[in-house]
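What follows is chain A paired twice: with chain B in the first complex and chain C in the second.
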Partner chain A sequence: MKSRLTLLLSGLIWVASAQFAVTQTDDLRLPRSVEAGVAFSIQTTGSGNAILYIVGPGQVLRRDVQLGGAISFAPGDLHNAGHYLVTVAGASAIENGAFDVTAAHQPTTLSFIAKPSRLPVDSRDGISGVAFVFDAFQNLVLQPLQVSFQLSGVAGTPQERTVLTHNGVAWTKMDSASKEGAAQFEARAGSIADTRVIQQVPGDPCSLRMSARPSGQRLALETEPVRDCRGNAVPDGTIVTFTETYSGGEATVDVPLKRGVARTEMPAYNGATISVATGVVLGNEIHWGKE
Partner chain B sequence: MISGRLLAFALSVATVTLIVVGTLWPVQSALAMAGAGSGADLLRPSSSPQAAVENLADEIARRDWDTAYSNLANKNEFTETDFVRDLAGGYPSLRSHASLDSFDVRPQHASTNDAEVRLNLRWSTVVGTFLDTRNLQVTKSGDRWGVVWPIVKEPRVPPQVIPVNYLRWDVIYRGAEDDWGAQDVESPHVRIVDMHPVDRGGGVVILGELLNEDVVPAFVTVKATLLAKDGSAIATEDSFDKISHILLPRQVTPFLIEFHNVTLSRVDSVRMQPSSTLIAASADPVIEIEDQHMNSGPQPSLSGKLLNQSGQVVNVAHVLGTFYDNSGQLIWVSDGYVERALLPETPVSFTVSLPPDIASKVKTERAVTTTYSSSRFQ
Partner chain C sequence: MNRTASQKRTIWKLFTIVCTVFATIFVWGSDQPGVRVEPADSVGPRALEKQTETAVIRDYLQAWRSLSGALEQNREDLLSADFVGTAKEKLANTVREQAKLGMQTRYRDGAHDIQIVFYSPEGLSIQLVDTVEYDVQILDHEKIQATQHVRARYVAVLTPTEVQWKVRVFQAEPE
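Our next item is the complex of A and B:
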């Protein structure tokens, strides 16, 4: 709604300007560009009363002014970066001009997008971080700035990259560590920093092994602690499938890892073959008893 | 104008006639199914074995347990509560929420004082119908026939404490007030590890398996779109309940997607869209599937027993059977529901049927189960 009004007003001013084009002068002295939120002034010539319009992105100012002097604007009067049109409508003439409002040089907020928030260990370039640098008025700071990214995990030296922003955006890629755990992924521009947590989780289980022992009329099956190829414990809740095949039948059970191991009981059949698997990873086989 | 009035008159007369006929000579079973009044006065006298069984079925349909139990010939062998538990289940399950859709009575053998009758009860549930077949002995006492009910006593779990190392995932999602750059919790990573389309029965069936390769539980669905040679979509379907929707880490589910009235020759490619959502879930209960074996014959099936290894009562169990040929290729997926609750450490039978032509090619099979417990939501 606000932007529509701005457009409408801009249109009206330009129509009015066109009608008075004959009387337009270059006596309006405007700054070439103004930093968002900073105080500035516009010098006018002539005499008498006039109305000043400043129309920009998402913002319109109207002031009753006295021609021939400087018109001052307080800090924060103009805060949206963009191209602004200026019109001073006096009793006998209309003066037009334009200037730019640029983002403040000092970044005050950083929007940091880090993906994914969870990934397996040892993933090369698996983590991407994108930082958007804004000033206090949420204008994207377009001038190049140094953004440093740091990924620090539970072990090892942190990975660091320093990147210049391009049109207000800086990005990088990082490797996940070889040890599981939550890593802190930080983006920093000057004194501004934002942090995301990246969960580095174990990879596929490596060498899944189980053992069996009699338990009354049944067989008690238990895996060794299940770990990935880097020695990280596969998290509890991971499903381990035990399958027992015997003459004329089969039994299966999906068991979640609890405290690192999967335990269950299955029927004890002589000559049965028991296998273990998790996901697409197969473990060892046990042949129980004799045919 | 006149013909219209004549038609209206004729329709009115026919309607009134049918109402009168229906009221004076109602169809017994339909009346019982409709639950009109008590229904007891409308049943036939149990003057024949068939009539006795039909009366009993009508009473079961009306859930008139008192009358049904009182008319049994062997009611001194069990209580009415046992009888009700046999038919409606002692714990909440599909059976306890089922209604009798229809029944049929098939006399097997009869003599002067006793008879054998097969009663097929077709129960209707939210996931389809299930058949409950009882072979009944019917005996004559005086001028009445009475049914000897073959009671199946539902086991009761004795009061006890079953220690469970409970494992559960809870999720905190991003909030509305979070910065737009703040990431939400990552969706679980799932992967289709097997998929192929089959031309079958005038349609296309897509069979496959889906793996949760993440460390968190996932709610999964699989959608497939058949594409023609020009790239246009022929049809889109999803797996509905032919999949185990909740996948724990490293768990694999089969899926089956059916497209009716599409021939495989029209299909150039298939676009698969597996989707996953991170959900709060529990790793329990653990269900063992034992005594799995294929049953051949005109109606082949995979049957076995489900054994609840946890201490929690499972109200509904869904079994998915995955069938492979001798080269290890997936050739069929079928499913079935167990209508009784799974009590701790109490085996319950299940049967999953499959087409006869497929059954002859099956070399190995795998069953997985998904469970629903009402206590999980309390």
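Our next item is the complex of A and C:
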């Protein structure tokens, strides 16, 4: 409702302005649309000198021109995509028009965002890639284009997807591999490509098992190599917690994994129960001696 | 009472002047454009929360106000609050070019029809299309040269910053 009223009043301004100003016409012969950075011309009518304005949020041009001929624009004069208004202000008349500048058809730049940069192995749809396609003048290429995404890792066949851009953007999701290591995530549109590195790290430990042996008055505790469910070694530094409960007391030791295993010593209480855990994974229990 | 033709012309001129003044005040003085937001049924890989949608629309409309102020006053500093990256650079270039040529442009957005079309999976960009109606006045050395009414389809990409969404891509395309 308000926009209609605004339109009506805009029209009223237009009519009223015409009472006092020079005549405004639409006699300009303009291209319907122009590719960014490409040469073009505007045909004018009438005679005499005038000033030509080409106005848009992305660019503005002002030129002194001679009416009655074609006004030429060199390649690169108008390079920002958008909607442009044209006004030719002569001594006796003002001519108005508008045209569009579209992005160049050839993509030149990809803005590729891949997330996350580090994730556990075996994550379904865990990696996302978004690619915005731009031309040489940093205009978003809005016409549909094919973008190929490829994720290639240390093992297995690469994952590939081809997606059509919509409003200049294409996106996909990929699974992380079953083996740890760096993966190359590439987005390609035509001859341009951009690559990101995704670190695939072992997942949570799958199972945890320890053994105990006497070591003087103490117990020597040691886990088996800690691995995730795909057999990848859990990184060194991962904390393993040993807990010993005995009559009237409890002792806890946190030990980081070193070369895949955790080792510690605890007092050898007769009848003690020793358990081991890391993260949310609980390992086996050992009952030492007799109650 | 019979009026002469000269009196009638004077009355008509006065009437048009009054209409012009009131209409100008209404159109160029109104701050709030009409806004219609299309339902964002499917915006791609990430669900769009209502709060996010509201914030994005609010910040996008604020960006139009910043654009209008910057291009009218030839002050590129007004762009920093709502634009970033390519959009900011291009608009700042326009402001500088206008200042060099002695020009100003007045943008008054009258109506927006906005639809959010893409929300990236990691939440780092949001894209909307806006069929917007606006008026543009071209001023050359403070003299109004032309006023045009425009209807255009804009594509904007916004990215989150510390406290708000900022426009990173701002581009009109043929309807």
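Assume the second predicted complex is superposed on the first by the 263 of 291 C-alpha atoms of A that agree within 3 Å, B and C clash if a C-alpha of one lies under 4 Å from a C-alpha of the other, contacts with A are read in each partner's own complex, and residues count from 1 in each chain.
The definition used in the following text is that contacts are C-beta pairs under 8 Å (C-beta built on N, C-alpha and C of every residue); 3 or more make two chains touch, one makes a residue touch a chain.
Values in this document were obtained by computation on a predicted structure and should not be read as measured data.
State whether A:Asp236 touches chain B only (first), chain C only (second), both chains, or neither.
Only chain B; A:Asp236 stays clear of chain C.
Is A:Phe132 in contact with chain B, with chain C, with both, or with neither (first, second, both, neither)?
Both: A:Phe132 reaches chain B and chain C.
After superposition on the shared chain, which partner residues are touched by A:Asn80: those of chain B (first), chain C (second), both, or neither?
So A:Asn80 only meets chain C here.
Quick one: is A:His166 in contact with chain B, with chain C, with both, or with neither? Answer first, second, both or neither.
second
Just chain B (first), just chain C (second), both, or neither: which does A:Ile113 touch?
A:Ile113 contacts both chain B and chain C.
Under the stated touch criterion, name the partner, chain B or chain C, that contacts more residues in chain A.
C
Answer with first, second, both or neither: which of chain B and chain C does A:Val55 touch in the superposed model?
second
Given the touch rule stated above, what does A:Arg196 touch, chain B (first), chain C (second), both, or neither?
first
Can A:Glu285 be said to touch chain B (first), chain C (second), both, or neither?
Neither partner.
Considering each complex separately, which residues of chain A are in contact with chain B in the first and with chain C in the second?
The answer is residues 113, 115-116, 132 of chain A.
So in the complex, the part of chain C that touches chain A is made up of which residues?
Residues in contact with chain A: 13, 16-17, 19-20, 23-24, 26-27, 30, 33-34, 44-45, 67, 71, 86, 90-91, 93-94, 97-98, 101, 103, 105, 107, 110-111, 117-118, 120-122, 124-125, 127, 129, 133, 135-136, 138, 140, 145-150, 152, 155, 157, 169-174.
Show which residues of chain A lie in contact with chain B when the two form their complex.
Interface residues on the chain A side: 111-118, 132, 194, 196, 201-202, 204-205, 234-240, 243, 248-256, 258-259, 264-267, 278-280.
Once bound in the complex, which stretches of chain B touch chain A?
It is residues 165, 167, 169, 179-186, 193, 211-217, 248-252, 283-284, 286-293, 304, 309, 365-368 of chain B that touch chain A.
Can you list the residues on chain A that touch chain C in the complex?
Interface residues on the chain A side: 1-3, 6-7, 9-10, 12-17, 19, 24, 32-33, 51, 53, 55-60, 62, 80-83, 85, 87, 89, 94, 96, 98, 100, 102-103, 113, 115-116, 128, 130, 132, 138-140, 142, 166-169, 171, 173.
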